[in-house]
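Data block below; observations after.
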Amino acid sequence: MNGRIRLGMVGGGRGAFIGAVHRRAALLDGMYELCAGALSSTPKKSLESGRDIGLPDDRIYESWEQMLEQELKLPEERRIEAVSVVTPNHLHYPVVKAFTEAGFHVICDKPLVHTSQEAEELVRLCEEKRTVCAVTYTYAGYPMVKQAADMVSSGVLGNITKVMVIYLQEWMLAADDKDLWRADPERSGISGAVADIGTHGEYLISLITGLQIDQLCAEASRALPGRQLEDGADILLRFTSGARGLITVSQACAGEENGLHVKVFGEKGSLSWQQENPNYLFYAPLGQPEQILKRGNDYLCASARSSSSLPHGHPEGFLEAFADIYRNAGKAILSSRGGVSGEKRGFPTVREGMRGVRFVEKVIESIKQDARWVKMD
Amino acid sequence: MNGRIRLGMVGGGRGAFIGAVHRRAALLDGMYELCAGALSSTPKKSLESGRDIGLPDDRIYESWEQMLEQELKLPEERRIEAVSVVTPNHLHYPVVKAFTEAGFHVICDKPLVHTSQEAEELVRLCEEKRTVCAVTYTYAGYPMVKQAADMVSSGVLGNITKVMVIYLQEWMLAADDKDLWRADPERSGISGAVADIGTHGEYLISLITGLQIDQLCAEASRALPGRQLEDGADILLRFTSGARGLITVSQACAGEENGLHVKVFGEKGSLSWQQENPNYLFYAPLGQPEQILKRGNDYLCASARSSSSLPHGHPEGFLEAFADIYRNAGKAILSSRGGVSGEKRGFPTVREGMRGVRFVEKVIESIKQDARWVKMD
Amino acid sequence: MNGRIRLGMVGGGRGAFIGAVHRRAALLDGMYELCAGALSSTPKKSLESGRDIGLPDDRIYESWEQMLEQELKLPEERRIEAVSVVTPNHLHYPVVKAFTEAGFHVICDKPLVHTSQEAEELVRLCEEKRTVCAVTYTYAGYPMVKQAADMVSSGVLGNITKVMVIYLQEWMLAADDKDLWRADPERSGISGAVADIGTHGEYLISLITGLQIDQLCAEASRALPGRQLEDGADILLRFTSGARGLITVSQACAGEENGLHVKVFGEKGSLSWQQENPNYLFYAPLGQPEQILKRGNDYLCASARSSSSLPHGHPEGFLEAFADIYRNAGKAILSSRGGVSGEKRGFPTVREGMRGVRFVEKVIESIKQDARWVKMD
Amino acid sequence: MNGRIRLGMVGGGRGAFIGAVHRRAALLDGMYELCAGALSSTPKKSLESGRDIGLPDDRIYESWEQMLEQELKLPEERRIEAVSVVTPNHLHYPVVKAFTEAGFHVICDKPLVHTSQEAEELVRLCEEKRTVCAVTYTYAGYPMVKQAADMVSSGVLGNITKVMVIYLQEWMLAADDKDLWRADPERSGISGAVADIGTHGEYLISLITGLQIDQLCAEASRALPGRQLEDGADILLRFTSGARGLITVSQACAGEENGLHVKVFGEKGSLSWQQENPNYLFYAPLGQPEQILKRGNDYLCASARSSSSLPHGHPEGFLEAFADIYRNAGKAILSSRGGVSGEKRGFPTVREGMRGVRFVEKVIESIKQDARWVKMD
């Protein structure tokens, strides 16, 4: 290894679950070292949060603007090379834009930004600056998701006829919206559950099947009266191939923790994967016994095998999936050190982030028209 | 027991799966005896089929019209009292109508008939004649479905917020439609999968939750080009209470056998039941560990307990659920022997059958309008 | 069908679970008709129980001795041909012996009798009289158990290296032994749990693998102090082939309903089957994905397919497994009507019943010697 | 945090699975930093392995003896404080002994050493030196195992009546013993599967139930002829409380990956946990529905909650369990920095390691006596 990637972090202070996940995922393989941070919106909390995780005081910043400014003053070999953006959604755009413009690589939580205009601007910018911009669609990092994608693309299922993503959570059911930035349109944008978890569905369908959405038709739901953003939606999909799809999401389903279930049906067989038991992929070949493919086995495809580090039977989880995104983004970052444009495969990029933003816009458009079919561009 | 119920059967000759199920279900408890049959559309096959199952030659008829005519000539104490109608769908209406008019009780396979006009006529007729008319929505007979209904009605889940029925089968995927009456609009009516299995979804939602559909919006799919009737549909539901629902059905999903899954979400908890493992009901109370309720236990409600005859741990299946419909219909038939109108609870009647027919009509109406919201009457 | 088999029943009066199961299983296929019964040990309860199930008063007997005597006086074409013996265990021997001596076929609940001397006598007698004597090791009737046996015998697993049967129930945990004939050595014989459920383990191992026990070594347990018979046992097995086995049973394990689990390991793969989800057989070929074989599919062996009457996805259960024993015994009975010795395959016979009795004796012998290895003869 | 713990590693070079796990587990929480290593038995491989993981050349040693000698020459604030011992088993004793004598803390893979004499010596030494010595019985680190222990100790199950550990793997089935140090008595000691995975069973039983083994009786198996050490064993247990237990292990069971299953039965309920789906604990209270307790929920005990860092529904796995051992050992190490003897709870110590060694000796003693009962001291 030619030296660890020096990483900064924006957001992810004390009590922020996803910030801690980003840090552990980055550090898991020893590919990154966390060097600097602007972890909170208040200077005091930023300082405390930075010290919590062992940052030296002179690399703990009061704001992301300060961090950007100061880091640029450091000699190149000390300066951070990449930044993790784990702020509330409404800050993704200015932060990613500023750091990308300054030539930093970015790993950004999803959804990328609020509008497709912003997203397009970021895509343009990353291309111009030749920087890596990864978006952490975590579930892309699970080995058995990679296996599913490999099986579909190699034709094991034949033509795909139907895809279902069911993604149910409970946490919005008993929540008080006043406490939640996710429930606030100012900070979350035009969409709640669709932006938060529906985008995972859109991304997984694309990743696993390669199908393109032609039209969609959506219905929203709100479990609590007066809630501003939808906490659930049913989204019917027509793909350009003629296949049909369904994404059902809710964040107000009692008893559901992080119940993401993907089912892909083809002419010759089907696949089923559940995030809460991620080490297994169920494959039902037409007319033959159903098979349980298990992580860590030699019979899996190369990408499933290489994205996994524990032997079979020793369960991996969410953290390893998250780390896989960091590892693959890291490889791209390392390959671009010499000024050479890095390889950008094996992880979700700003392009996929942009596609997700468009998906959200179209879903909300359909919802507003009382479930009218809306065409994707 | 004051004498077995004398049963005739129309349809269900050699090779007809559902006819055999009706017979075994009827006989399971010793409540019925099968006395007569017009089991097939050809005299020769009728005769052979009748002999197969031990009917005396003089009670094997060449047609249902002949059976009706001849049975009426027999003395009342020998004559059949009830008839099972297990023909292709398009014959349900004339057969049920004729036997009901003649005062016979009827147990009819689902869907009841093809049009709501026909259905209304049958409802009227059954009321006039005071006969029992059961429709075999089999899944109503599973003890754990009864338990689910009991838990919802007793308020365990609080207000219901969302209901999902996913019902997936495979058998239409590789089928040649020329061989299948179910694929033929002449014999199946305006709908394929929605009429065949979507109606189970509609019935289960109503049975378990008591919710009434206000509007629906539906999208159909066909896995094979040129197929006349839909083999799948996604149906979005708005209930009068404000709750939302989703029924997803397909009969062309590789690897799915009879995959019926019902999920009911309320403010205070949720229920989940899968037909292929019917002895278990999963109950997730908000903030508490999920529970697995198991058939045959004392902690279940009275109707779940009484509809089950084996001790816990000794799995019951589809046959017992089917028999439960026959048993409860049989109780109603027995109670009406004295000319007293029988109790008609505990099993799906012609009224529920009618509701199912209307549901199919509305779904097809929405599909034809490209997923427009359609109001239930 | 050349006329139903006329069946009598000894034992199985009101409240007796297993008697009702025998009756329903016998009647399920229409192969038997129940004509006579001595259902209880008291005349009054016998009469009431007989009427409950629709027997005519003149075929309801006060005792099995009376039934035997009176039935023999009936003309052959009315007389019962076979008798189900579902009494407490200690009555199996005299009843089976008397009816066999008189030339009746017998279907006897398990365990067959209390001592191997008695068992040998019955084997001898059945051979002499050329009568059918089936022993209802129910689990032999499950299609997926037949599939397992077929796969082992056809060499799919290679040489068998290890077999495990875990069979756990709860019902003895909170029981008062005074109320239970199973807890009483006078009526149950020398063994409790081993005789009641350990014998199922022994039979399943033999049925599925064909392995012969060479030596065994056993340890008993009692969950309640003062209990006379063991309510659990761990039985180590050495087979003549060199393979090893383990049977663990308990009837005092909180939370266990009828938790019978069989695992068979071979050089080339393994099988796993659980009674509480009997429609599935798990097959793990070495180095390949695990497979779930499901009842009702064309890819199963002939005996698994023919012992099953519902299509895949429509779950069958304990009742159908029980009925399979009756059906196969019935075929043997029918084939012997002409005086020709019947085919006696496809169901457990008096020979397997005898082997089970010997197994119990050897297990108890090992237990009494503080887990000394004991050789099977 | 007052500075990371400076860690050295002995063993765990290229290709060694468990070494990599130790490193990732140590680094996961940022509590340790890896500063030095003697990773292989050959200087060249040691150097390459050290560079692979980013160690500076001057802290990569050719042997553990060299590492011990050189590190002691470094100033205290640079010198390692603790050492991970992940060599083949036969080297545990000299390495742990030497580093403990020199005052270093130790985290040692299991089994601790080969003989109880060696183990006793290490216990004595650790007490004398007041050093931390953790033994990585990984499964102790799973939150749901902690939950199980908490439920038993708080009396939820009442008196424990029976405990079962079934631990099955496949990897020895097709192995060539010549390639495996685990199959070689010189390097593995007197036992194969019992030492390797049986000790996990012994430890888990003790951890969860607190029961003490009074006597044991064991039978060994070898799937391959000529194999020197056992690859499987069935171990019957009598606890001092009168409860009974069973540990069944095999490393030659086709289709089993790391199938560790623990079942604990008490008078008032039971628990069941499976390592391959570690986020769930099944609890069956007597006479009530079974419950599924899920990691990450507020209803869990304090130790289960605090040992887990991801929210519910985001699966954790083996790595987090491993990291939990390091974290708790790390807390003890940190608390002893001031010369104060550290807290030594929450992780398996040299004492538990010693108990495991004795367990192995007794099991082998019983096996050699043809399954004679042997008393634990």
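Observations
Just so it is clear, A, B, C and D label the chains in written order, and each chain counts residues from 1 on its own.
As a convention for this text, a contact is a pair of C-beta atoms (placed from the backbone, for glycine too) under 8 Å apart; a residue touches a chain by one contact, two chains touch by 3 or more.
Since the model is a prediction, treat every value here as computed from it, not as a measurement.
Under the contact definition stated at the top, the chains bordering both chain B and chain C are A, D. Across the two candidate interfaces, A-B and B-D, the one carrying more C-beta contacts is A-B.
Between the CA-based centres of chain A and chain B the separation comes to 44 Å, rounded to the whole angstrom. If you average the CA atoms of chain A and of chain D, the two centres end up 35 Å from each other. In terms of their C-alpha centroids, the spacing between chain B and chain D amounts to 56 Å. Within chain D, the positions touching two or more other chains are listed as 256, 287, 290, 294. Residues of chain D that touch chain B in their complex: 283, 287-294, 297-299.
Those residues of chain B that touch chain A in the complex are listed here as 157, 161-162, 164, 166, 170, 173-174, 217, 219, 221, 223, 232, 234, 236, 244, 246, 248, 250, 252-256, 265-270, 272, 284-287, 290, 370-371, 373.
Those residues of chain A that touch chain D in the shared complex are 1, 4, 17, 20-21, 24, 27-30, 52-54, 169, 256-259, 275-279, 294, 296, 309-320.
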